[in-house]
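You will see two complexes here that share subunit A, one where it goes with subunit B and one where it goes with subunit C.
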Partner chain A sequence: MARVSRRQFLRVTAGGAAGALALGRAPAVAQTRELTFLSIASFVPETDKELKRQFEEWGAKNKVKVRLDIIAHLQLQTKKAAEVQARSGHDLTALGPGLGDADLYFDYLADLNDVATDVAPKNGGWLSQSDYLIRGKWKLLPWWQPPFPMAVRTDLLEKLGEKSPDTWEDWLRVGKKGKAMGHPFGTAMGHSGDANVTLLSILWSYGGSYVGKDGKTITINSKETRQAMDFVKRLYTEAMDPEVLAWDDASNNRCLNAGKCIAIHNPISAYESAKKDKVVVPGTQKEIAEVIDHIHTPRGPADRKATTGFWCVGIWNFSKNVDLAKDFLRYHFQPENLNKWVEAGHGFNMPFLTNLTRHPVYKSDKQYRFIPEVAKVTVPPSWPGPNTAASQQVWDLYIIPDMFAQHATGKMTADQAIAWAEKEMQEIYAGRKRKP
Partner chain B sequence: MTSPGRRIRPLFTLYLPVMPFVLFALFPLYFMLITSLKKNSELYDVTTVPFLIKRGVTLGHYQLLSQDTLFWSWFVNSLIVSVAATVVSVVIGILAAYPLARLRFPGGDSFGVAIFVTYLVPPSLLFLPLSTVVNRLGLSDSLWALVVTYPTFLVPFCTWLLLGYFRTVPKEIEECAMLDGCNRLQTLVRILLPVAVPGVICAALFAFTLSWNEFLYALVFVSPAELKTMTVGVISELIRGDIYYWGGLMAGACVGSLPIVIAYVFFLDYYVSGLTAGAVK
Partner chain C sequence: MQLKTVEGDVAKLAARGEAPTAGLSDFLVRDTPVAYAFIGPAFFLLLFLVAYPFVLSLWFSLSDARVGETGSFVGLDNFARLLRSGIFLQTLQNSIVFTAAALTLKTVLGMILALLLFRLVRFKRLIRGAVLLPFIVPTALSTLVWWWMFEPLYSVVNWTLKSLHIVNYDIPWLPDPYLAMFTVILVNTWRGLPFFAITLLAGLVAIPRELYEAAESDGAGPIGRFWHVTVPLLKPVLAVVILFSAIFTLADFNIVYVLTKGGPFNMTHLFATYSFVLGLQSGQIGQGAAVSLFLFPILLAVVFVQLRMVRKAAMYD
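Let's look at the complex of A and B:
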């Protein structure tokens, strides 16, 4: 047997590795068309099953091998960053939980003008088209949102003699009474998506905002913000437990389903899981899902506004299957497919298309009756400014929850907390902290 | 015959003083286990004592893992990747540590320090450039991506640990072997390694544990559901937005702990002596 010298071995292995690196891919044994889709684990598992079914159905019709990969939503940012760095990965990708993602990855996303134009008329048009354009272009398709109503315990409200609380001040009053009997109000005030959503909703409802329409002027320093902050301080000290500072997205669901919280500002996921797990009211045999109701997101002195996770879908422009990916999006966004998909998700996944907000599922259970109403007052997290990489960063860095929490806990005065947030936002919008 | 006083003494000098540490160390495992056996209704009930099971045991969470997820595929994937990465890293670590411990060459000491410093570079900094390398090698979405990338953090530690251990072995026995006609490689394989078994086992155990627990690279480099490792698979399937399947997550964590527990039970003595011998040098 011929001996291989150390030098020969090194030469061959180094050459092979260099060849593979230069080629940029492993040698192809057989070329088959494959379309891949990275999505997040849906809050209602049946949604993923229906999406997979549609993806496979489309693949079978078009003789394309398909692969749907699901990851937890908190891991999506990491995965996207790696795919963009490597200029390789999935063809289709979920984007979010904000529209600013598309500005962040603007140079790596394929234009979807044609798809957006095709699918809208069939579904009654986009809810608010101008909100979804990034630098004037369709770089994503807004996919679904979980509107944020108020999830409430009807039995406790009855016990307190409260009927249909509708404003944030009403909820402060209810929360105070509830806390006195061991059932506080619950909204996250730490680093979580729910904290961003609820505290932005309160800020807007009191007439405040953090950025102007021009997407440049920081508007957080206002008397309306001060009013909102004073309200949140009272809500925190009088109606909630300090644990809300450490809450993640799951904590408020747990608080409601454990029978502790009198109300939480949250989509219908808590109710859905209580129903599935047959959780009972502590000390009774009654299912807690039977005493949960969902009502309108609260109104403030200035407005009734809310936001939510704006989950979107995009196509990487380094994908070799851009046309195939567009074709699948057209297929998935066909009214009958979207209808089935919304039904599978029990309406949790409301598309940003007018006809779908009138889906029969929202009449199938009285719990869902306010969801379309909440969707009408739901705006993107950057409102009234445009969705940009900077607005996404304000969301991702939890500037709004931190500002409110610093004041509510007494660590800072309202002026100090606002000045801190203003400085952070000015730096972010000036681009000094912008992600690459 | 031993006196009763002598028999009782260890209770006060050994077992009781150690007890708080044992309880502290075992508490997470205990809590994982009872959470995995509780019914969801009890998990949600804030009025119950969280450290006990009051409303009966359920195996439903284990059933959920086995029937509704690809848990056992993920388990096998974790095992394959961890064993392969451990073998590769320990072999490379031995080959790197030996010359650093035994041969005198310019920059040898600095090289040893540099290897250790490499170990300190966090994977959260490395995953972005590594994703380009993995892609260029055509290894994305395969277990090979992990077998290739895990040694980036395993080899430095194995080398550093074995370097310390090899230095505790007297040079003279190797010199005797060389006088009897062994070359360097033979000396390493026939003389040094048999003496250094505790160090090698210690390095292997540590490498296996790190690979078994690794999350970030497994998340970034492998996407298909059937190829995920256990750490990523369990999180992907059982954390659904704001719904955490606590029972299932804890069941996954319990089953996931078993290989590590078994490995340490068998090799604990080697592990301790390997780690301390290297440390005191």
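Let's look at the complex of A and C:
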């Protein structure tokens, strides 16, 4: 082997580096095209494996090197902010939860009008197209949602002589009886995404909302909100344990799978992990998955509505591979690929496309029978207002859960808590007015 | 009873003060360009890693910058807006309570621990090393273990208390706002204690033994010796330790983020966690920067006063 002296090595490498710098691009040998994708870890890990498989398959077909980076969902917000701030990072990125990113990062996301129009007809059209258009443009593709049914313990319901609870009031009654025998109802009320989802669902079901259709008027101060708050106070004090104030997104899953909670308002992830890990009902040999069922998200006096994490996908416009990235999105959104991906996720990851809500997976297990029904009443978190950076901030700062919790725990009266939330939201919406 | 002083350690410390290396250092000191060259790297590191981010965040706090936008100058608008926000006022209150309580606990317990370590004769090194553990383990990791211990459903603390029949219900460590604050203070104290103990121990070791003997012959008891010899002589060390710890405690992020995420209803948010939520998660960089810089003027005053105290105490020596 020829020996290279230190001096020679330095001269060659320094020269090479200077050359590359002067040309502003990598030398030809290194010029393979590379597409990078930042995504979040799914609660059903097979979903990620299928996505990776499709990404690699597409890469092999198109002779593109691909890299899929998967991070925990809580890290995504900071990661996006850092990439935008630095104007560099991945080409494709997961966005959300919520469609607010399209407004927040409007100037940094590539237009996806062409892709959105291409993929829709093949999949039976978008579920609710007008919700996904931000300032009249497709800045992201809504990707998947985990609908929120009610996950219940059928054996405990039977013990209580409860047939099919359907309204929030029914669940208060069931929860009260359940709590008396050590099996409380469970819904997060702290700083977690699930708390946002369930408490917004209750607010709407009682006829309340926090922002008007115009996306400006704060509508939280209403008698409907008061009703919803009184209901949640009763639910908290009579049917739940105080621990729900400190729950994170995985706590309710644990509560159900530990055999404690009689019911939780949650996607099918708890059931999926119970099934996979063969969790048993404490003190018995019976698998807990066998006594879990999923039923419709509850109805309130005014409506039956729910929301969920609207996970989306977009392309940074500072990416050098916008066209390649679009090509992959077209590939992934082909019916057969989406079908396989939903299959892999056992339906946890429901796309916002009509045909996919009728995927055979939802008929494969009776557990999933209500999921398409729940999807029909699922609206974006800012409903009836549009998705904006402001609505995203209301979500990120947990204003809704905090409003409910401050009243439920007796820290504030209903009026005080509403006034508090109203003021915070007015400040957020006023501070988010777009510069002309 | 006689307080022991490790003479060897004192001798070593004294020896470190001198240590003449005449020839080489004389040359280096006189050669100004060489001196600049040596200071250069540190200076540039400070400039880019401390001064630049600081000036940038100062600018951010006075602008309406959002993620991806440099923003334009808005004066003190961000600060005015913060003062109108209930969440921020709560954060301000939490930060003061958290810092005051944690600092007091760390100072008192740290002093006790240092005195105990000082009197230790057997397994001295092993125990002194072990005491440092909480400080060495990455905070995010150790706090996660604390979270498991206090986690609502499987709390091992509650399990133990219930098994010992001390309580018959689950104590809501994290769901109750006051207990949650207690828990984050507890974990912060646990983590910061070694820093106090070991630094104060170094101070104790440096106090000449003769002073205690003189005090003893003047009839001072153990408490008198502690108040009139130990405390005054430890003051400079104590001031520096408290100063550093005040800054670190006020800027704590990991413990709250892992244990409570600022909840329940923002009752445990600190400047760093709220600034993170506002600045990075919601993209309001200007306001996020304003949150983290809010205490800067106060801290500056504290640093100034404390450093003056240290200097005075040093002169008294």
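Note that the second predicted complex is superposed on the first by the 402 of 436 C-alpha atoms of A that agree within 3 Å, B and C clash if a C-alpha of one lies under 4 Å from a C-alpha of the other, contacts with A are read in each partner's own complex, and residues count from 1 in each chain.
As a convention for this text, contacts are C-beta pairs under 8 Å (C-beta built on N, C-alpha and C of every residue); 3 or more make two chains touch, one makes a residue touch a chain.
All values derive from a computational prediction rather than experimental measurement.
In the superposed model, A:389 makes contact with subunit C only, not with subunit B. Shared-chain residue A:250: touches subunit B; no touch with subunit C.
After overlaying the two complexes on the shared chain, residue contacts for A:405 are found with subunit C alone; subunit B is out of touch. By the touch criterion defined above, A:191 reaches subunit C but does not reach subunit B. Applying the stated contact rule after C-alpha superposition, one finds that A:78 touches each of subunit B and subunit C.
When both complexes are overlaid on chain A, the residue A:90 reaches subunit B alone and has no touch with subunit C.
Annotation for subunit A, partner touching more residues between subunit B and subunit C: B.
By the touch criterion stated above, A:205 is placed in contact with neither subunit B nor subunit C. With both structures placed on the common chain, the touch criterion links A:70 to subunit B but leaves subunit C unconnected.
By the document's definition of touching, neither partner reaches A:145: not subunit B, not subunit C.
According to the touch criterion, the shared surface of subunit A, contacted by subunit B in one complex and subunit C in the other, consists of residues 78, 81-82, 85, 87, 254, 258, 260.
Subunit A contributes residues 77-78, 80-82, 84-85, 87, 104-105, 107-108, 189-192, 241-248, 251, 254-255, 258, 260, 389, 392-393, 396-398, 401-402, 405-406, 409, 411, 420, 423-424, 427, 431 to its touches with subunit C in the complex. Residues 66-69, 81, 84-87, 152-154, 170, 172-177, 180, 260-266, 276-278, 280-284, 287 of subunit C are the ones touching subunit A in the complex. Taken in their complex, subunit A has these residues touching subunit B: 17, 20-21, 23-27, 36, 38, 40-45, 67, 69-75, 78-79, 81-83, 85-90, 146, 194, 249-250, 252-254, 257-260, 266-267, 269-270, 272-273, 277-280, 282-283. On the subunit B side of its complex with subunit A, the touching residues are 40-41, 44-47, 127-129, 131-140, 216, 219-221, 223-225, 232, 235-237, 239-244.
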